[in-house]
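I have placed the structure first, in the form of structure tokens, so that the comments after it can refer back to it.
Each chain carries a letter (A, B, C and D) given by its place in the written order, and its residues are counted from 1.
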Amino acid sequence: MIIMKSEATQEQVNQVVAEIQKYGLRADVSRGSFRTVIGLVGDERKIPFDHLAVLPGVKEALRVEIPYKLISWEYSKSIEGVSEPRIIKLGEVSIGNGEPVFIAGPCAVESKESLFKIAEAIKKAGASILRGGVFKPRSSVHSFQGLGAEGLDEAEEALSWMQEAGKKFELMVATEVRGESQVELIARYADILQIGARNMYDQDLLTTVARRGKPVLFKRHFGAGIEEFLSFAEYVAAEGNKDIILCERGIVPVGKGKSYTRYNLDLASVPAIQKETYLPIVVDPSHATGRRDLIYSMSCAAIAAGAAGVMVEVHYNPTEALVDAQQAITPDELKEIITACRKIRSVVASRKNKG
Amino acid sequence: MIIMKSEATQEQVNQVVAEIQKYGLRADVSRGSFRTVIGLVGDERKIPFDHLAVLPGVKEALRVEIPYKLISWEYSKSIEGVSEPRIIKLGEVSIGNGEPVFIAGPCAVESKESLFKIAEAIKKAGASILRGGVFKPRSSVHSFQGLGAEGLDEAEEALSWMQEAGKKFELMVATEVRGESQVELIARYADILQIGARNMYDQDLLTTVARRGKPVLFKRHFGAGIEEFLSFAEYVAAEGNKDIILCERGIVPVGKGKSYTRYNLDLASVPAIQKETYLPIVVDPSHATGRRDLIYSMSCAAIAAGAAGVMVEVHYNPTEALVDAQQAITPDELKEIITACRKIRSVVASRKNKG
Amino acid sequence: MIIMKSEATQEQVNQVVAEIQKYGLRADVSRGSFRTVIGLVGDERKIPFDHLAVLPGVKEALRVEIPYKLISWEYSKSIEGVSEPRIIKLGEVSIGNGEPVFIAGPCAVESKESLFKIAEAIKKAGASILRGGVFKPRSSVHSFQGLGAEGLDEAEEALSWMQEAGKKFELMVATEVRGESQVELIARYADILQIGARNMYDQDLLTTVARRGKPVLFKRHFGAGIEEFLSFAEYVAAEGNKDIILCERGIVPVGKGKSYTRYNLDLASVPAIQKETYLPIVVDPSHATGRRDLIYSMSCAAIAAGAAGVMVEVHYNPTEALVDAQQAITPDELKEIITACRKIRSVVASRKNKG
Amino acid sequence: MIIMKSEATQEQVNQVVAEIQKYGLRADVSRGSFRTVIGLVGDERKIPFDHLAVLPGVKEALRVEIPYKLISWEYSKSIEGVSEPRIIKLGEVSIGNGEPVFIAGPCAVESKESLFKIAEAIKKAGASILRGGVFKPRSSVHSFQGLGAEGLDEAEEALSWMQEAGKKFELMVATEVRGESQVELIARYADILQIGARNMYDQDLLTTVARRGKPVLFKRHFGAGIEEFLSFAEYVAAEGNKDIILCERGIVPVGKGKSYTRYNLDLASVPAIQKETYLPIVVDPSHATGRRDLIYSMSCAAIAAGAAGVMVEVHYNPTEALVDAQQAITPDELKEIITACRKIRSVVASRKNKG
């Protein structure tokens, strides 16, 4: 929609109309006594709004259409005739079917022995997906970067442990893909390919990962608004892969002084995003808060807010973990969380008026 | 704690020690082969850290003590020997005793008739505190400012309706005090004096309100970190009034483009704050989200996160509300929320390991 | 402007039109093949947008008019026929006439002797307005709160020193009004009444201060967007007082970890605001950065960005200052800054194409 | 530095000391009457702080060392004995030698003809580096993605135009590398490899680019604090490549409502960063503001703040640009900016007391 300045001339209006028509859209001109508004009829995404905004006489060029059409309810309902949320099925596991799903495991894969110990424990606690990083994104070049940093053979070995642990304990396996060059390797071993928050904007990686056809666990960047987050998920959907599990993991903190949590977990994004898209969204309270003493509360809150699941870092002995020890919980705590989350889910699921 | 530069001289260390002693504290000097650190022993709050930071040879001056000592667990446990959360009692109502409390009512008081209609409805739905604004803080001078803007007589009349409705329907009454000059008047009619987010930093108002001795509902400013929020609550406590109900209502959104919620509800602040202070904290999802279709989810999430209660805007016919129509819910929705919140509270209350 | 949902019925459109007309505006209905848009013709500020947004069939209700009309170029040019920036004259001092103005002085008034020493030094350095706090807003109840906290007599004495120093050294005098109850007293002694960042949203204070008729130095809150900042300046203008000096002093920092400056100085707000309003805007790099080693650079940058002046904290011996020692500069540094700023102003003033 | 809880036992202190020694550092224990502090002597970066923080009895584990040692003044001065800023030389062009450098060109390379026209114009205006995107990072999968999206041959052709234009008009050439797979190709044609803001955290890309040995133009992510920005520049330096040109381009806006600039240009980061590192920093006001009417002011402000140069988008006819038309300026405006910036640089360069 184009809002003209009050002093815009008829010629300027005509120029805007001509520009709109050039891109194959129709222009609806509405003249008021004070100002003229030109509506765009057709696929707004074809129009370079920047162009329209700098045309003479234009006050503002506003998009009315959403930039994440393929994953929107509007598209799903009007084009595909589907009005149910998408359920992503992986073997026995279903994500988005109403039952909360629990993704758990160590921050980084450290050794086969510790991985198996953790995998067994999370399975017993009730988790259904094993997570574990082989290629770790780290803020400092001087920190432990995961086994992936030690060479491709070490990376592959660590990935094979993940796969083996998944089979042995009947868990689906999710691991992060940090760069394009890792996609091929990781896709051979993992069931779910994870795009970390720091790579949310990496469109080449998104496209390459999407093309593997496996479910994508897609984390929101900590500097991204909801619209941006969904617009980048659209990169995955544009490759024909709609098995996207969105993940909220906190945005940058605001304000002076000591921050009590590492990031700011934006739980209102959960119901807000569910009004926009049919894709499921899970929450990662471990990275969001960076504090194991808040994981229970924030997991419960995530499910109460309507999340399809929770992803947490678990270690049988958090003080021994090589990475992010401060945010890992024990298998016992995981069990307690799963029990509480299931009860909470049944409370909110019983709501009649879905508003 | 003072961290000296690696090249700091002995004389510079001595000067810092002398400065610390001037304020009646003791200095613990720790010399390493690389750098010297000087610990402060005593009441750090007596020291102007800015001074220490600019002394020659000083690299950094770090506070170790918290600036909200009076309301902290540390103070409560070590000085007062109390290790239980504070319960604020108001007639039949208790805030912070484990039972979630519901504060509800219109954004602005509009007429006696509509107020009574709403008060009756929220009582039936299960709320125990009636909220309603007489002096409304508004972003635009050209908007409806509440009945308080129409004159002192109108304000007093509106306040008397609140009091009357409270008595008739057995509800405690909370209303906002926007400026020092209103304290006297409002304190005659309300049971709880509310300090709005925009006034969080108004130390003169905090002090004046605190001195009335009535419970204070104290909202976090949308630009304030947790430490600042608690430091300003300390202004109330410093007047000897510890009947403070903290309230999280969202912080400024971050990121480009369309914002899907008005503010960013920081639910992780709930458990994080409960680790710091014995005061109860409630959550206001109405102002935080600005969207009535998210109130149910965010109320449930607030209670799951451990909040002592929820404060929501209710109108029997939201589309008729003069202010904030987009965020008001109906009494029926309130009832549904209260039912769900109570169940969720019982789930999280049964946690054994309180971590 | 009201954007209807694509499935909106004719009846719903009619209802919106009726609602608009109820408030005395005219509705321009534009029907496209895809959606209908309803433009508002008349004074948009009379309409409660929240109401329109919740009417059935409405997708979005967008304001096109700005909420700070009285201080806008649009108003000035079209209603008053004035297309020059407003120049605020105070004795010999002019703010907004193209010559940068320098407001300097101690953070807090500490003693008559030190105040006079600083006043003399800043006059010599080239400043024309003396600043100094008597009522200091502080984050901690346990910090020095200014002489104003010691009693009304002490406050009045400190104010009289300011006035006397102003007369003796031919400086205009600016000081902060922290609460309504101080307006009467301060207005007797100061030439410019300052509203601090923390009070930006305090509409009662704004109104009371505005009515005194003296120039108002109005600081942007650190959590406020530009639109909010200008909307609250409108509270002052609505009382008929347009002698408003806007002041940018930094917004809350964003991001994890150590903050290198106290706030985030938003210098792009200077030219952005000058495109919106005819009022002058000055910059306070002292509170924004909290670091005296950045004051020179950020003062120069402020003038280069088009600011009408700079406000800085000066102390003849910064390490002795009772408040904010880390951000005070010496009179020598002030002189260096003034010299550089004047040269920079003459560079940017010579621009031909004012874009 | 490890701060123990006041109730920590001797045994707990010993455990922390043992843990520190395990990593080859020495522990300085300072016992006060109130609490014990343990300083770390040696290379703090070898220690996993998360581990220390979760040991029993520990209150806080604070890093004192900076995580960007290799690019810090401290390292440069104490290890390499160099106390001058780094000057990056590229043929006739020097970056960081005190003369401001101007990087200009189209947002996206569109055609050979338009590129040559722009290159010629910016050379005449006084720029020395040509910028132009071949692989464009875009927020929407439905937008124009640069010629790079049309195939590798088209990408290579566009890159060859850049190289040719550089030779013909004596300009160095900078272009963005969006993914690892493009490094080899782009390094054959460009003089400077640009890492865009969205890729700041992409450590694999940083490492791969750094190894080419060419100067790297490294943009700050819009969600990154200064410490994070410099910590990721360290990834480049860790490969032995210190020809890093830092670039400030704005951080995510904060606050409700309409944003008047696309991002929030953090100009105080310029002098703040220059206190930390010997690397030069340039400013990109085009992406930061997204408004061509603010480019002049913000370019001048950047140089006044101490930036080593400015990077701007230029188009001979902005309204024809395929991407970002709203932020491009004309060659005439560029000339005006360069003239003003050079004068401002000479003003600030003449400062005696460099503080």
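Quick note on the criterion: contacts are C-beta pairs under 8 Å (C-beta built on N, C-alpha and C of every residue); 3 or more make two chains touch, one makes a residue touch a chain.
As the structure is a prediction and not an experimental result, all values here were calculated from the model.
S.K.: Give me the set of chains touching chain B intersected with the set touching chain C.
M.R.: A, D
S.K.: With contacts counted as defined, which of the two, A-D or A-C, has more C-beta pairs across the interface?
M.R.: Result: the pair with more contacts is A-D.
S.K.: Please tell me the distance, in whole Å, between the geometric centres of chain C and chain D computed from their C-alpha atoms.
M.R.: Computed value for the inter-centroid distance: 31 Å.
S.K.: If you average the Cα atoms of chain A and of chain D to get two centres, how far apart are those centres in Å?
M.R.: 27
S.K.: In angstrom, rounded to a whole number, how far apart do the mean CA points of chain A and chain C lie?
M.R.: 39
S.K.: Going by the touch rule set out above, which residues of chain A reach two or more other chains?
M.R.: 223-224, 228, 251-256, 259
S.K.: Which residues of chain B touch chain C in the complex?
M.R.: 45-46, 48, 50-51, 53-55, 67, 137-145, 178-181, 198-199, 201-205, 221-224, 228, 231-232, 234-235, 238, 251-252, 254, 318-319, 321-326
S.K.: Would you pull the chain D residues touching chain B in the complex into a rising list?
M.R.: Answer in residue numbers: 1, 3, 26, 28-35, 37, 39, 41-42, 59-60, 62, 64, 252-256, 259, 262-263.
S.K.: Can you check the complex and tell me which residues of chain D touch chain C?
M.R.: Residue list for chain D touching chain C: 223-228, 251-261, 264-273, 275-276, 285, 288-289, 291-294, 296-298, 300-306, 332-333, 336, 340, 343-344, 347-348, 351-353, 355.
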